[in-house]
Amino acid sequence: MRYNRRYALGATLLALAFVAVACGSGGGTTGTTSPKGTLTVGVSGGFAENQIVAEMYAQVLEHAGYTVKRQLDIQNREASEPALKSGVIDLKPEYIGTLLLFVNPQASASADPAQEASALKPLLAATGITLLNYSQANDTNAFVVTKATADKYHLAKVSDLASVAGQLTLGGPPECPQRPFCIPGLKTTYGVTFGHFNPIGACDSATADALDAGAIDVALLCSTQSVISAKGWVALEDDKHLQKADNIAPVVRTSVDNAEINRLLNAVSAKLTTENILPLNKAVEIDHEDAAVVAKKFLQDNGLLS
Amino acid sequence: MTVTLSAEPFVRWSWVAGHLHDIRIHFVEHIELTVIAVAIGLVISLPLAVYSHRHRRAYPPVTFVTGLMYTVPSLALFAFLVPFTGLTTTTAEIGLVSYTLLILIRNVVAGLAGVPEDVKDAARGMGYTDRQLLWRVELPLAAPVIVAGIRIATVTTIGLVTVTALIGKGGLGYFILKGYRESFPTSTLIGGVLSVLLATLVDALLLFAQRVLTPWARASRVRAFA
Amino acid sequence: MHAMSEFLRWLTTSSHWSGPSGIPSRLLEHVQLSALAVGLSLAVALPVGLFIGHTRRGEFLAVSVGNLGRALPSFGILAIVFPFALRYLPGSIGFWPTFIALFLLGIPPVLTNTYVGIQNVDADTVEAARGMGMSGRQVLMLLEVPLAVPLIVAGLRTAAVQIVATATLGAVFGWGGLGRFIVDGFALRDNAQILGGAFLVAVLAILTEVGLGLLERALSPRLTSRERGRGRVRDELAFAPPGQ
C-alpha cells in the first residue's frame, strides 16, 4: 500500500506538470485573452455527432468574442460528467434522455423530450449545471436490419420481429442485456426475444460492420448514424415507443453561464433537427471530413455566424 | 458525396495530409506518456534495485511483487484502477509505470552485480564511502546494462500506450481506436505504423546510447526473453 | 472498502458461475483461444528458430522480428484485422482478429529464445560432436535442442503469459473470454464486475506463469552450485504462492 500511495502521488504530480505543459503549449488559439474570458468546450462522448455539435458551440462563442479551448476527445460520459462538474470543461452537448438516466438511474425517461427536460433540469441544477434549450435533433436508439433481412422477414416495425426473433442474432452495446431500452424492454414491451445476442459496441461502426457482413441480423444503432441511409438499411419503427427521446441540448456550468451564452447556444439548438444533422454526420463518419469544417459550414448556411 | 464504405481506400493520403497537426499532437502525447512512465519507473526502480543489491534477501519479494504487476493484463489493470483514479492520466501512468518496474529492477540489479569486486575493493581502498562508491563507480559501470533495461522498458511502454486510448488517453492509440470505431483503416494504420516506427527509432537510439556507454564491448548479444 | 465487498459478492454469486456467459464458459473460451495461439506460434517460430540457431543464417531476420514484435501494438492489429475478418473469415465475431493478434504476439519470444538457446551451446562441444561423426541433424536433435530446452520453454512461458493477458482485448472487439467481464463492466458502470474480471484474468496469467515455470525447471539440466545460486531467485519468484 505504501508503494502504491507513493507512486500514485508521484504520478499525479508529474501528470499535473505534464498537463500544465500541455496546456501551455497546446492548441492553435491565439495568445490574446479576450475581455469576455475563456471557455472550454467538451463533448459527452468521443463520437462524430457530438464533436460536430461541440464545434458549433465553440465557433459561435468564438465568433461572439470568447476565447475557446476544445476538449473533444473525451471518450464517454463517465469521463465528461466529472470533467464538467470539476470545471475541466465548461460546457458540452448532451443527449437529454441518456443524461437523465445517467444522473438518476431510477428516473423514467420518456418519448417526450419536454417531460425529460423538466425532470433533468433540477437534477443538474443541484450539481451546478444548467440545461439550456433542447434541439429538435433526436438521436435515439434504433433497431436496424439490412434491406435483404427486412424483405426476407417482412420487417418494418419492431413488433414485426416478434415471430422471427428467435432465429435471429442481435448485436449491440454490451449493456444491452441489462438496460430497459434493449433486451429487457424488447421482451416486456414487444414480446421479442432474440435467439442470440452478441455484445459489440455502442453506436460504433464495428456494430454496423458486423451487420453489413451478416455476422449479426439486427443491430442496435443510433438513429442518426449515417451508415443507415448510406447502406439503404431499414431502421425499424418503434411502434410501441420503447425508446426514450434523446434530443441534443447544451449543458453549461452555472458559474460561467450568462445571458449571452444562453442566447448563442439556444440559437444553435433552434436550428438543429434530426434531418439536417444526418448529412453532417455522414460528412464526418463516411467522408472523414473534419468536424470543425462541417460545423462551420452549417453555422454559415444557417446565419449563425453573421 | 457518393463514397460508400466498401469504396473506402486502405490509405486515404489526402486525409493524412490534412491532419498533420492532429497527428503531431498525438505523437507528442505518445512520447510524453512514455517518457513520464519510464522516468517514474526509473525513480522507483533505482532505489529498490540498489537496496535489493545490497540486501539480497529483499530481491525475491521485490521481483515477486513487480513480477505480479508485470503479469497483470493492461486492460485488467486499467479496469482495477478506474474505479479509484478515474479516466485520468494518473490511471494511465500508474499502469504504464507498473509495467516498467520488473524490467528496470532486474537490469539495474544485474548491472550492479556485474561490477567486479576488485574494482570496488580498489575504490574502497581509496577511501570512497558507500555513497561515493555507488555514484562514482558502481552505477557508471552498470550503466550499459541499465540502459539495456531502459531500452526494453521504453519499447514495451510505447506499445502499451496505445491501449490507454480505451481510457481516453492513448497518444497514437487515439487513431487506432478512431479507425476501429469509424471503420477507417487510414486512421488505424497511421496510429499503428507511427507507433511501431517510434518504437523502432527509440530502440535504435537507445542501442546507440548503450554502445556509446560501452565503447569496449563488441557487437551486443541478443538478449533472450526471461 | 465498499468496492472490495461488492467485488467479493460478484465473485461469489452463483448465477455468475453458470451459463454461456458465466465464468466457467468464459474461462474455457479464454484458455482455448490462448492455447490455440500459443500452439500456432510455437509451430511457426520453433522450426525457424532451430534453423537460424543451427545454421547461423538469417540472424538479422530473427533480431528484427524480436524487436519489431515488442513494438507491434496488439491493439492496432486487432483493429486492422477486425473489419476484414468479418467479411472474409468465418466464425464468431472477433475470433480471428483476436487469434491473429495473439499468434503474432507469441512469435518473437519463442523465436528469439530458440535461436539464442541453440547458439549458446558451447562451440567446442559442437565441434567435438561433429568430430565423433555426428551429422548436422544429429547435432541439432541430440545435442543442441536438449541443451536449449530450458531457454525455449522460458520463451514459451513468456509467450503464453503475454497471450493469456492480451486475450482480454478481444472483448473490446466483440469476442468472448474473460475480458468480456471487464468490457461489459465498463459499459454497465459495474465496478464489481470490472474488478472481478480483472482479478480472474490476473489469476489465470499468474497460474500460466507459475505452471510453465515449473515445467521449465523440470526440464532444466542440473545446475552447478554457482548457477544454482544465481537461479534461486527466479525459482523463488516462480514458486511463491500468488497473492502474498
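Labels A, B and C are assigned to the chains in the order they are written; within every chain, residues are numbered from 1.
Rule of thumb we're sticking to: a contact is a pair of C-beta atoms (placed from the backbone, for glycine too) under 8 Å apart; a residue touches a chain by one contact, two chains touch by 3 or more.
Bear in mind that the values here come from a model prediction, so they are computed numbers and not experimental data.
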Quiz item: Looking at mean CA positions, which chain is nearest the middle of everything shown?
Solution: B
Quiz item: Of all the other chains, whose mean CA position lies farthest from chain B?
Solution: A
Quiz item: Roughly how many whole angstrom separate the Cα centroids of chain A and chain B?
Solution: 35
Exercise. For chain B and chain C, let me know how many angstrom lie between their CA-based centres, rounded off.
Key: 20
Practice problem: Could you tell me the distance, in whole angstrom, between the mean C-alpha positions of chain A and chain C? | Solution: 39
Quiz item: In chain B, what residues contact two or more other chains?
Solution: 166, 180, 183
Quiz item: Where in chain C do residues touch two or more other chains at once?
Solution: 82-83, 173, 186
Self-check item: Sequence positions of chain A contacting 2 or more other chains
Solution: 78, 201, 206, 209, 212
Self-check item: Residues on chain A engaged by chain C in the complex (per definition of touch)
Solution: 78, 171, 173-175, 178, 198-202, 206, 209-210, 212-213, 215-216
Quiz item: Where on chain A does chain B make contact in their complex?
Solution: 3, 6-8, 10-12, 14-15, 18-19, 22, 26, 28, 46-48, 73-76, 78-79, 82, 201, 204-206, 208-209, 212, 227, 230-231, 282-283, 285-288, 290
Self-check item: Residues of chain C touching chain A in the complex
Solution: 82-83, 86-87, 92-93, 171, 173-174, 180, 183-184, 186-189
Quiz item: Can you list the chain B residues touching chain C in their complex?
Solution: 59-60, 63-64, 67-68, 71-77, 79-80, 82-84, 152, 155-156, 158-160, 162-163, 165-166, 173, 176-177, 179-180, 183, 185, 188-189, 191-192, 195-196, 199-200, 203, 222-226
Quiz item: Along chain B, where are the residues that touch chain A in the complex?
Solution: 1, 3-5, 12, 15, 18-19, 21, 25, 29, 32, 36, 39-40, 43-44, 85-90, 93-94, 97, 166-168, 174, 180-184, 186
